[in-house]
Amino acid sequence: MEVGEEFEEARLMGVPEDSRFVVDIEGYEGPIDVLLALAREQKVDVTQISILQLADQYLEFVSRVRRANLELAADYLVMAAWLAYLKSRLLLPDSGAEDEPSGEEMAEALAFQLRRLEAMREAGARLMARPRLGRDVLARGAPERFTATTRPVYEATLFELLKAYGDQRRRVEGRTLHIEPTEYLSMEEALRSLRGVLGGITDWESLWRFLPAGLGPDTPSRSAFASTFAASLELAREGKLKLRQDTAFGPIYLRATGAGRGAGGGNDEGPGGNGEP
Amino acid sequence: MSDIDGRHLRLLEAILFASAEAVSERELAARLPEEADLEELLRELQAAYAGRGVNLAKAGRSWAFRTAPDLAALFTRETEVARRLSRAAVETLAVIAYHQPVTRPEIEEIRGVGLSKGTLDTLFEAGWVRPKGRRRTPGRPVTWGTTDEFLDYFGLEGLGDLPGMDELKAAGLLDARPALDAYPMPGGPAANANADAEDAAADGDLDADEQPEPLEPGGDG
Amino acid sequence: MSDIDGRHLRLLEAILFASAEAVSERELAARLPEEADLEELLRELQAAYAGRGVNLAKAGRSWAFRTAPDLAALFTRETEVARRLSRAAVETLAVIAYHQPVTRPEIEEIRGVGLSKGTLDTLFEAGWVRPKGRRRTPGRPVTWGTTDEFLDYFGLEGLGDLPGMDELKAAGLLDARPALDAYPMPGGPAANANADAEDAAADGDLDADEQPEPLEPGGDG
């Protein structure tokens, strides 16, 4: 609970005023936090920031961090990619795609997110600045109870109730724990699944349509995405399908090459664990 | 009255109110501005509270606010001793809330320990649980469930407001161990309880006299 | 004023005075004679204590005597160490207070970062937030809101008194409008958080009226 205090100190170092930028990503809670800090640097009033400039500042921030050979969490890179995309959308004429938001809409969404977060930070600060019970305002120091008779009144809080349930479940589960395999989609499974449908893909289709069906609800979709994507690369390498991506970070399409079907079944020459029975 | 400083009076009132014990005149004097006339202030304050629900009482050379003695009789519901529930009782209550209708042996199985005699009694006495019906299994054991008073006391609109396991976990009330609730309990009613829970509670009405099909679907055929 | 029963007023005063915690209107009503007009009594009592060293403060639907806020500076000696909250906890508390009822994914979406483990836990344990109900959206996520204790702690009469509430509302900053991740962002901390948010927030209040299935609880109808 006190962790945040440390964060706050580090944070101050991350937003220096001089050009000798002290790169300290530890100080930030995430990419949005960095963006907000950068926006504050840019303008005191968050409603007036330039999103384009902000995108540049963020990308510069990320490249500085990487130059310093610091590891960046994936979230930061994802945001960088998104901002690069947003930048291109803002700079290039509208492609006219119907179902996609315009660059301006995306920029406005980002600005809104930043304003809203800023507003919540301020609200939190104002809340904490209020007179508080036990510090500025005092309660009755000597609460009285009448103990003439002794019919007991039991007390418990909802928190205690839920905590107790959580604790006891953990205790009991702990005693009879059955470790089940983590649900994830292996590369082999993805390959197998993709090979199975390969013949049917005669026209360009989005790769994500080929995530295997019947995944458990807990399978992390990222695992399924990653494996299926890797499998598609492998099959492309084998010449069994073609991949296409029209824009950076755009959807990926795939199509079987002519001979697709024949190789589908038993061809196990792929590298890696395909030899597993 | 005219020579009384209202600010001093307010401060004295607040100090006496917030103190856990009677405050001595010496301490009061130390905490009030030097120019304050303590004796006069106390007399004034005592007069202000005379005949009210709360009086300013003097004990030796110390002062304290006390509920007016004649009201004691009216505090009928206050004449109760607050008692914290034992850990076992809280846990048992939680199990009943989450798994109802549930029999005593099932509670024991879920908790992994025997239920001591007084625990259910305590919860029953508190008005939070009650017998709900009987299982149609050999021995026809009584099933237990929570009452409206339980919901009322814990500020729940309905049983549906009890957070689910995943939410308990998300709130930090459960260990971080992945998919804790996905691990089946070995046999036993609890396992089924969990598995069925979702549609099980759909009709929500636990009050049917005779609770028909309980936790083990076809438990004994 | 003439229709106020002095004995009721004294009793109410005594009950409130005797308690360190705020007392809910429900509980007050239960402790007063049936014919007592609680609303009127509270108004009368509040007026009687206005401007004194001790005031009758309202916190949501609960009431408590509290020392007057302007005396704070004079109390430094009594002050207990105020609870220190992490930045994340303060921010989370603000999001819950201003956006309630709000689900965990929505909190994460607004803050742009996942909620770390103990944060909600801490606020819940402090008694400031609690589950309020469930959204009528897929998954029926639990919504969170603040408690009367929260209001009491920060000296607020109601949610409308939250600092800046009106301006924030007017500026549209409390809208459940989808922000960033409604747009194609690959992944992101809260990429899926928003999926439900839209209609979710549309129905605004906790779905008090319908709360069937407990997720886990094996209520087995």
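We just call them A, B and C in the order they show up, numbering each chain from 1.
Heads up, the rule we're going with is that contacts are C-beta pairs under 8 Å (C-beta built on N, C-alpha and C of every residue); 3 or more make two chains touch, one makes a residue touch a chain.
Predicted model, so just to flag it, every value in this text is computed and none were measured.
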Name the chain with the Cα centroid closest to the overall protein Cα centroid. C
Of A-C and A-B, the pair with more C-beta contacts is A-C
Centroid comparison with chain A (C-alpha atoms), farthest chain: B
Nearest whole angstrom, what separates the Cα centre of chain B from the Cα centre of chain C? 18
Between chain A and chain C, centroid-to-centroid distance (C-alpha), Å: 29
CA centroids of chain A and chain B: separation to the nearest Å works out as 39
Overlap residues in chain C, where contacts from two or more other chains coincide: 17-18, 65, 67-68, 75, 78, 118-119, 122, 124, 130-131
Where in chain A do residues touch at least two different other chains? 138-141, 144-145, 157-158, 163
In their shared complex, chain B is touched by residues of chain A numbered 138-142, 144-158, 160-173, 175-178, 180, 182, 218
The chain B residues in contact with chain C across the complex are 9-14, 17-18, 31, 52-54, 65, 67-68, 71, 74-75, 77-78, 97-102, 145, 155, 157-167, 170-173, 176, 181, 190, 192-194, 196-206, 208, 211, 213-215
Please give the residue numbers of chain A that touch chain C in the complex, ascending. 1-5, 7-8, 29-33, 74-75, 78-79, 81-82, 100-101, 105-106, 109-110, 112-113, 115-117, 119-128, 130-141, 143-145, 157-159, 163, 222, 249
Complex interface listing, chain C residues touching chain A: 17-21, 57, 64-69, 72, 75, 78-80, 82, 84-91, 93-95, 97-98, 110-114, 116, 118-119, 122, 124-125, 127, 130-131, 152-156, 162-164, 168, 171, 173, 177-180, 182-189
Touching residues of chain C toward chain B in the complex: what are they? 9-15, 17-18, 30-31, 52-54, 65, 67-68, 71, 74-75, 77-78, 104, 115, 117-122, 124, 130-134, 140-142, 206, 208, 210-221
